[in-house]
Amino acid sequence: MHDSPPEPLRVLGIAGSLRRGSLNRGLLRAAIELAPDHMVITPYEGLRAIPPYDGDVEAEGDPDPVADLKARIRGADALLIVSPEYNYGIPGVLKNAIDWVSRPPRTSPLSHKPIAIMGASTGNFGTARCQLALRQTFHFTKSYVLIEPDVLVVRAAERFDDEGNLRDEATREHVARLVESLERWVRGLRAGAIIPD
Amino acid sequence: MHDSPPEPLRVLGIAGSLRRGSLNRGLLRAAIELAPDHMVITPYEGLRAIPPYDGDVEAEGDPDPVADLKARIRGADALLIVSPEYNYGIPGVLKNAIDWVSRPPRTSPLSHKPIAIMGASTGNFGTARCQLALRQTFHFTKSYVLIEPDVLVVRAAERFDDEGNLRDEATREHVARLVESLERWVRGLRAGAIIPD
Amino acid sequence: MHDSPPEPLRVLGIAGSLRRGSLNRGLLRAAIELAPDHMVITPYEGLRAIPPYDGDVEAEGDPDPVADLKARIRGADALLIVSPEYNYGIPGVLKNAIDWVSRPPRTSPLSHKPIAIMGASTGNFGTARCQLALRQTFHFTKSYVLIEPDVLVVRAAERFDDEGNLRDEATREHVARLVESLERWVRGLRAGAIIPD
Amino acid sequence: MHDSPPEPLRVLGIAGSLRRGSLNRGLLRAAIELAPDHMVITPYEGLRAIPPYDGDVEAEGDPDPVADLKARIRGADALLIVSPEYNYGIPGVLKNAIDWVSRPPRTSPLSHKPIAIMGASTGNFGTARCQLALRQTFHFTKSYVLIEPDVLVVRAAERFDDEGNLRDEATREHVARLVESLERWVRGLRAGAIIPD
């Protein structure tokens, strides 16, 4: 007899930048490549279509792009957020999407969702403040944010090639460790009945 | 002889919520009413039209709503930000507008701009975390954020009427003090040559 | 046959204030009373004796009060931190103790330790900023901080009697919920092999 | 006729680390050396003697080391805080001193005091989170924290010699710019009557 292969894990990857050449989109692509066979990370491509959050609009029903994002989050075992830092904080574009899907609190698909966070910056700080702000926000939504490893890619220009692909081997290993840690996190939270199976 | 009246002060008021009945829009209206004669607070009504920030779009030139907001900020002596808190942070809609006008850093109209912050919540915390996050962001933009008084309106439903107008006298006095303090702040920063006249 | 009673759970309770009449010490006493039979919350009484953190002193070996606190944390299944907020942050006295026991990072007893946080304030904000700062610090130490319920006791003077005992029934239920949630958290993290058994 | 020399400026420099070889103490020494002739930065050497903050002790009168620190702050035109980051936050030793001198709020010597912040780390982040936490705390105390330049010295081991003296020329220029900026800040706040002369 032998072990059956693990249940496949579906992860929704959300890049916080809309720019085509974004290093953070490249960092997400690296995670997709480095994920083990039984983990599928699907990049979310609808961020641009999310309208500005407005409680009056919400009262008439979620706009289609919001309903679609909520369904994708609900259907995912975990989220992987890969974001630049703007102005010592979360990009407004990304935060606006979080604001929509956090509503209403009791039925938000973010509630009890396992989440991993990464980020890359061209400078020295590797999105340190943005990641803290994301953790603060995901505490409000009662999400389960992975605690290690922290992946803060500093001086990213040295580590990515001209097509925005991550080439630096040490950083790739770091990303691979985060992806594996996310899998243990999801399976552990379920095995411990902290989140539903 | 007598003193000439003070130079009029133009303040751009930005509410962080798009909802028509927003308490924070009501709080901004209160500030407009309570401002002294020589201070004109104009509410910014274009937030909904600001597109999602995208560096590729920016590279082709600011979209009209962004150019308009930058011009309004440049033409104002100060900003008054009145915002709800979403998910322990800044509403994405508001942060997205800040992300646009913060660019490029060297010529951003936020640089050295005096800013006052207020907020109201129906619960107990009066946007405490959002205000801290705004201060953190406006530190990055090198703006001069007023340090007192803090205006955090808690349990706002008790203080506003059904039309969303601020009725509570103590809170109105608090708002009036903030507006006066903002004026001294702007005039003081100029008199001290901390910001250009 | 019948279920055996659950393994007893030992929790170290740490109040962030040294003041005898501290509301936060009273809040910790309430948790001790409200804990189920098989959970023993022991208040830590040594905070005052922890010397100021100094890397040169540390290099010569942990002072006795530090070694004692490390042993108590190691011997506990979880921590319960009950702290006032000082100056929008963590009381220095409490942070200094955390700084000591966080060292060295690889063998810190805080690493992977389950932690719950509560706080009370006489004003409106219920230690909101201190709790966020504690979460940020305990992210660095790779501790597992409970995500719900948040217990932020506002306007505490209305809820405690003159001896500093928590009398407000709704708040007592809130504290009881936190204590129960902490138990599920510890047992879940172990059952899921997220922390060692 | 000629300009009279500027009034001398007295700055109290406070290092957040007690370690003799601390890089942050070295960074403070660099600021002392680089200050212009008419600015005297005096290092505060009493941090170790500040007792743990306790409201009951305070009620009986400030302990001597606290009274001494309050007097030094009152006698200074500005503070220069140079601190490491511990556990994504302010060193408890430093925060404890701030907690004492912040009391009571109405007469605290921190109120309206101009303050500059710097920090150095051996790693990549240059005390980014500690500086944000200090800004948050000094907002509570209504202090006037300098907004630019930010001095976050990353990978400090490359920049200091074995005696802990700052050798890196670019960093020394950065420190010199901060010191000059602090002087303009103090003189500007006074000229603008934002703080008393």
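All chains are identified by letter, namely A, B, C and D, in their written order; residue positions are counted from 1 within each chain.
Here, contacts are C-beta pairs under 8 Å (C-beta built on N, C-alpha and C of every residue); 3 or more make two chains touch, one makes a residue touch a chain.
Just so it is clear, the model here is predicted, and its values are computed rather than measured.
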{"item": "Pair joined by the larger number of C-beta contacts - B-C, A-C", "value": "A-C"}
{"item": "Chain separated most widely from subunit C, comparing mean CA positions", "value": "B"}
{"item": "Chain centre separation in whole Å, for subunit C relative to subunit B (CA means)", "value": "38"}
{"item": "Geometric centre distance via CA averages, subunit C-subunit A, whole Å", "value": "30"}
{"item": "In subunit D, residues with contacts to at least two other chains", "value": "88, 129, 132, 136, 139"}
{"item": "Subunit A to subunit B touching residues, read off their complex", "value": "17-22, 47-48, 50, 52-57, 86-99, 102, 129, 133, 136-137, 139-141"}
{"item": "In the complex with subunit A, residue positions of subunit C that touch it", "value": "132, 135-136, 139, 142-144, 147-148, 184-185, 187-194"}
{"item": "Subunit C-touching residues of subunit B, taken from the complex the two chains share", "value": "88, 124-126, 128-129, 132, 152, 154"}
